[in-house]
Amino acid sequence: MIVEAIRDRFIATRQRFLTICEPLEVEDYGLQAAEFASPPKWHLAHTTWFFETFLLKQFVPEYQSLEPLYEVLFNSYYNGIGAQYPRGQRGLLSRPLLSEVLAYREHVDRAMLLLLDRNALDADHEMILARTVLGIEHERQHQELFFTDLKYSLGANPLYPSYRFGTSSASEVPLALDWTAFEGGLIEIGYAGDDFCFDNELPRHRVYLESFDIANRLVTNADYQAFVDDGGYARPELWLADGWATVQREQWDSPLHWVEREGVALEFTLDGLKKRAATTPVCHVSGYEAEAYARWADARLPTEAEWEHMAMQTEAGESNSGAFPSELCHPQPAKGSDLGQIYGGCWQWTQTAYSPYPGFAASAGAIGEYNGKFMSNQWVLRGGSCVTPRSQARPTYRNFFYPQDRWQFSGIRLAR
Amino acid sequence: MIVEAIRDRFIATRQRFLTICEPLEVEDYGLQAAEFASPPKWHLAHTTWFFETFLLKQFVPEYQSLEPLYEVLFNSYYNGIGAQYPRGQRGLLSRPLLSEVLAYREHVDRAMLLLLDRNALDADHEMILARTVLGIEHERQHQELFFTDLKYSLGANPLYPSYRFGTSSASEVPLALDWTAFEGGLIEIGYAGDDFCFDNELPRHRVYLESFDIANRLVTNADYQAFVDDGGYARPELWLADGWATVQREQWDSPLHWVEREGVALEFTLDGLKKRAATTPVCHVSGYEAEAYARWADARLPTEAEWEHMAMQTEAGESNSGAFPSELCHPQPAKGSDLGQIYGGCWQWTQTAYSPYPGFAASAGAIGEYNGKFMSNQWVLRGGSCVTPRSQARPTYRNFFYPQDRWQFSGIRLAR
Amino acid sequence: MIVEAIRDRFIATRQRFLTICEPLEVEDYGLQAAEFASPPKWHLAHTTWFFETFLLKQFVPEYQSLEPLYEVLFNSYYNGIGAQYPRGQRGLLSRPLLSEVLAYREHVDRAMLLLLDRNALDADHEMILARTVLGIEHERQHQELFFTDLKYSLGANPLYPSYRFGTSSASEVPLALDWTAFEGGLIEIGYAGDDFCFDNELPRHRVYLESFDIANRLVTNADYQAFVDDGGYARPELWLADGWATVQREQWDSPLHWVEREGVALEFTLDGLKKRAATTPVCHVSGYEAEAYARWADARLPTEAEWEHMAMQTEAGESNSGAFPSELCHPQPAKGSDLGQIYGGCWQWTQTAYSPYPGFAASAGAIGEYNGKFMSNQWVLRGGSCVTPRSQARPTYRNFFYPQDRWQFSGIRLAR
Amino acid sequence: MIVEAIRDRFIATRQRFLTICEPLEVEDYGLQAAEFASPPKWHLAHTTWFFETFLLKQFVPEYQSLEPLYEVLFNSYYNGIGAQYPRGQRGLLSRPLLSEVLAYREHVDRAMLLLLDRNALDADHEMILARTVLGIEHERQHQELFFTDLKYSLGANPLYPSYRFGTSSASEVPLALDWTAFEGGLIEIGYAGDDFCFDNELPRHRVYLESFDIANRLVTNADYQAFVDDGGYARPELWLADGWATVQREQWDSPLHWVEREGVALEFTLDGLKKRAATTPVCHVSGYEAEAYARWADARLPTEAEWEHMAMQTEAGESNSGAFPSELCHPQPAKGSDLGQIYGGCWQWTQTAYSPYPGFAASAGAIGEYNGKFMSNQWVLRGGSCVTPRSQARPTYRNFFYPQDRWQFSGIRLAR
């Protein structure tokens, strides 16, 4: 990519974070209802820290930091950079104030734009551009986390505050589940384009697949309700042993954000409590719940290779269909009986444990901690959700969470 | 007391909370760094809830609540009223906003003033006045907790923010510890005046005391440093068994809010990090630390009866001396070699477990939960600290905390 | 006491431990179902360690230890002696074998008898005798713990094994609760005889008591059942706050060792599961349960001074009555309507927190850790239970446990 | 297999458990030093329970159980059978006594032999034989767990008791690490023979492999010491994030069972504490440690497909070489520079998360819980250790443990 394009993308991405924060009140910026759910203010600062740490401090000798402690306060997990303020205590940072964090953003943005302008002929030019693109993609990931973390934290408030949008009037006509068949054989997976991808999407490599069928749409609230009604959360034979232990320990009996009030089935959304629509995809289920549902339904979760193979065949149509519900922070019902809902609804749990592709090598230095060190105990999710930046919805993108996690917009697509 | 006096006291007390909040930023109002350290906004709302719950909802049939859920959100521990929002999650209530909590205060204040005005001839008149006075004293207690909780929560931020005041320029001339002797015999303790007291200060009753000596001043930072330097935190023989277990588990090696930075002895105050003054009282020690220090110093902590007996003899002089450092949120050095520092410096740990006086009876109903149900496992502290409302500094006032607690302004006075 | 008497008492006490162990199987000797419930084999070894550590190693230069590591393995909590094997892991010591522990006992016994014989004229003579007496009393305490710990550990086995005795055929004729009045005034408590007492029973000192009534018998299973049936475990207003938190956390709904099976009220005893008798004292209740029961019954627990004063007036009759059910490891019903059941049934919770008497001083050195360091957070129990050695049942004996503890034979006597 | 062969195998396997128990003392049979380390007595009973539950109770209508509660006490994790006595409390079952458990074994053995004899023409004949074989293999797995659990539990005793064997005089001549290259391509993995295999070894299926190299021997104590000396346990960049968190939480600084005493490098073995031999394989490392070591050594762990492919090429030589150190419960040094140590030394961690092969289906009913429900969060280990029954050492056998587990005889073979 040329500098101008990166510069524009940088400005637009940085600006978008301010835009999606607009509906917040000052009090909301510090909210952290769980160790994993960072406050909005921290996301604003950490994404800034990323540019400061991996670009300005490395390539701009005269760069002046506003406050040396920010290096510690806004370091997420990079041991190569140094100490980190405890993750679970990010909500305790009433200072720096929101206004100070915004000033920090401006300070870094100014320095970044100078850096992008002046380095065209430098030896480090390529590295600077690559790092900037990584910082942009990193910020996009945090913009998605902004939504999921915020939803989790607001959901801990019995007043169920609304963040912003309507959730749209979902069609209530149910659509039968159907299967699409794919031939097995020796295929290839992994990124092969010439735009950006994360290191964990590489290298492209061969995989042997058996033939498989995949569902044309995501599992809906109504589908999942049938599982609940059939005693799904009380029958250990449907669950992995670790999943069952989690159900018992956490006393789960429905997806996160499902609410029952005086006999009415509700759902907490980023627009507050709403009636739970039968035809929208079930969302905020853990990998364990997805896996148990699949077993109950005499099916299974796809592998990540199957999912990617499926997406490569069908992506074009999907992305032309304008499936992204841009401003709606809630998954929408399937639009037709063709294979769909690939992106823009819910992330889709696969049965594949997150591990390195054959030949994977992490980058040198602290930046190498980005993805590689998380390659154990997590499961791969594929696709993208209603709060995923559109640019990150691609067939090869590997999202990953622990099988017990359910605060993401995560849903279920069946295979067999 | 007559209605007018109560009315004035009500208005002044309610106003004072707003005054002491003035130095805060909006972001600070939601801060909660531990389950025991409630956010400023919650204190503002809970003290309001107290008047709403125990007065307006009981004596004003037409009273309209602003939001029914406040009954749950701002109930501290009154099972007789109903469910309580979990104590440790008060910092998660970004809503109601600060402005909404302030509106809640105004709403309740208006209704309270109407209630105080119109009920002069009612059957409930006496009860209403008594409850109002209790509500005022309750709010004063929370104004003290505002300071201690805020100090704890700001202290969790590596930026060590300042709340407001200077901490005064403490004299550095050390004052030798001296002892005052008191005769034993059959004495009386418990409240005997005709103003307000809490139920736990009653009934006044006889206690037999052996003769005892009591220290004329509080233990200073310099005194306590000698204990630390002598291996105080590494010698189990100086500690109660439960205290030693706490030291090990919490890895204590100095009082809370002591900070060492590049070899300099500092102390976190409500005006940020300051040099630790040798002559100011040691503060923020647990009962276990106080008890271990006393053993190390070949002394002991006073009993609560000894302390009260001492204070009754010396109070007049003390309270005439203007010992209250009004606007300084930090204990001050002793002013002379006479028995002093009784109020206005640090709460003083006694060796007495908090239990009911002979013949104690809690009030009927939920209000009876105010004090009585806490009469186990805690220790009595006497006196009052630099952030205690002056009206609550009296010889008979019984403060109580767990022996492991140290986020209050708690210090040490020796006896033998 | 003269040497011969101590020698005899030593031999008899050491022998008694072997006698009470006789019903055990080898497999039972290592049983530890909770951190607080030490295995029989460990008690056998630890009581031996006490003589070895505080007598042989100090007064017999040529004494040879069988195994140096025993110093660590069988040290209970004496930091002054050195490191301790973790308390909760005592059940993991399959080695030393039972036969090796018995050999250890014999080895130490031989050396102790030699020591007692030869030192008649030594400078250390008095100290050696005093320590030996303390060691004997210490072993007697552990013989009581042997029963309580064993009952707890066997009770964790769904087979509910029997240890030995019948539990006697309890009379089923209920006896009405009655009150005995005692005059208040300035009294004295604390040990005043010339036989042995523990340091915590000293010094004898004056206490002022208000007049009080005390119940003539212990609370029975039938009494307590009425409390349970009245929702006692579901009504927070009956409980201390810490007690209520314990009820919730531990999900208590009846005393320890109560068992319900197919609608039949049973009780685990040292003779296995038995029908729960209405007239036997309720046993294995915590201090919290005792206190809540008393509140429900419009009464209260006695203070330890009240209890001791009561016992001093009535002891003679009691101990002449042969109240000790010698070989029955289960409390027996009250025998008549006079004030009774003072010893030999259940320990009786008082409302008094365990703390030092005025002027208390612990012994110097590690032996000083015996009692003093536990004087916080525990409650005093008075009397003695059906498994208490008769020699330790005296009016001034201060037993102490945490208010949440209930594996002792602890019951309830009311006062008002 | 014909009935006679199964009958013989049944008798031999049942007998072998008694043989390997012979060196134990009665006290050792109840030992459980961690939730995962079941006592010998429990293993003896549970393997018996397996035959009783899945054969006698299903196929022998007149079968009489000795004690109905055994169904609960000795059920490991089969929810389909019913409730289970808590896993972590197995050490609390002093009853049934060892003699009773041995009688239980005889009772079941008699019934099993009758069942095997009489059913030759029954409809259930095939099912009974298959279940019997499964029960035999199950017992063999528990015979291995007997060793690993016992080693863990004895290792918690500071006396470091010996179980039985010498550990052999290990050669101290180090052998250079060398690599063997394997061609990639489309290969097959999974069991293909006609003897027994577990369900998780099926179905045999195709996998595409890149070319790879594999180490000719296991990593030795000397190799691993170099990693420790190079700060391996203090450098987060060498670890997976979850591994690093485990190192910090557990304060690991060396493999389990390594002991340092007065500067001498020792190792706890089933023959007590021994000098740590440089040339024996490092053992009792977790998956995280294996993975970190590999990264430090510029290598990686093999995938399970790579390992199986390697073993299929080399097995013949290996198993002809008599590599099994039959009676030595300790891994032995490599014998030569050829690719070796495939079985009989240490289980070898792979980088592969344990998951179902494509097309895997668990058996119907409770027996289906055997393997399938554990297919998450664990890692596959391949090979077999010095305590693995020889019959279970085969190329397709999939062992699995959590990456933090290290009480098995687990070691490291590198790949690249």
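When the chains are written out, they are named A, B, C and D in that same order, and each has its own residue count from 1.
Assume contacts are C-beta pairs under 8 Å (C-beta built on N, C-alpha and C of every residue); 3 or more make two chains touch, one makes a residue touch a chain.
What you are looking at is a predicted structure, and each value in this text was computed from that prediction instead of being measured.
Asker: Once the contact rule is applied, which chains count as partners of both chain B and chain D?
Answerer: Touches both chain B and chain D: A, C.
Asker: Cα centroid separation between chain A and chain C, in whole Å?
Answerer: The separation of the two C-alpha centroids amounts to 59 Å.
Asker: For chain A versus chain B, what separation do you get between their C-alpha means, in angstrom?
Answerer: 46
Asker: Hey, how far is the Cα centre of chain B from the one of chain C, in Å?
Answerer: Computed from C-alpha means, the inter-chain centre distance equals 38 Å.
Asker: Give the residues of chain B touching no fewer than two other chains, as numbers and ranges.
Answerer: In chain B, nothing touches at least two other chains.
Asker: So which chains actually touch one another? I want all the pairs, not just one.
Answerer: A-B, A-D, B-C, C-D
Asker: Going by the contact rule set out above, which residues of chain B touch chain A in the complex?
Answerer: 25-33, 67, 69, 72-73, 85, 89, 91-98, 153-154, 156-159, 161
Asker: Can you check the complex and tell me which residues of chain C touch chain B?
Answerer: It comes out as residues 77, 79-80, 186, 205-208, 210, 236-237, 239-244, 288, 291, 303, 351-353, 355-356, 358-359, 368-369, 373-377, 403.
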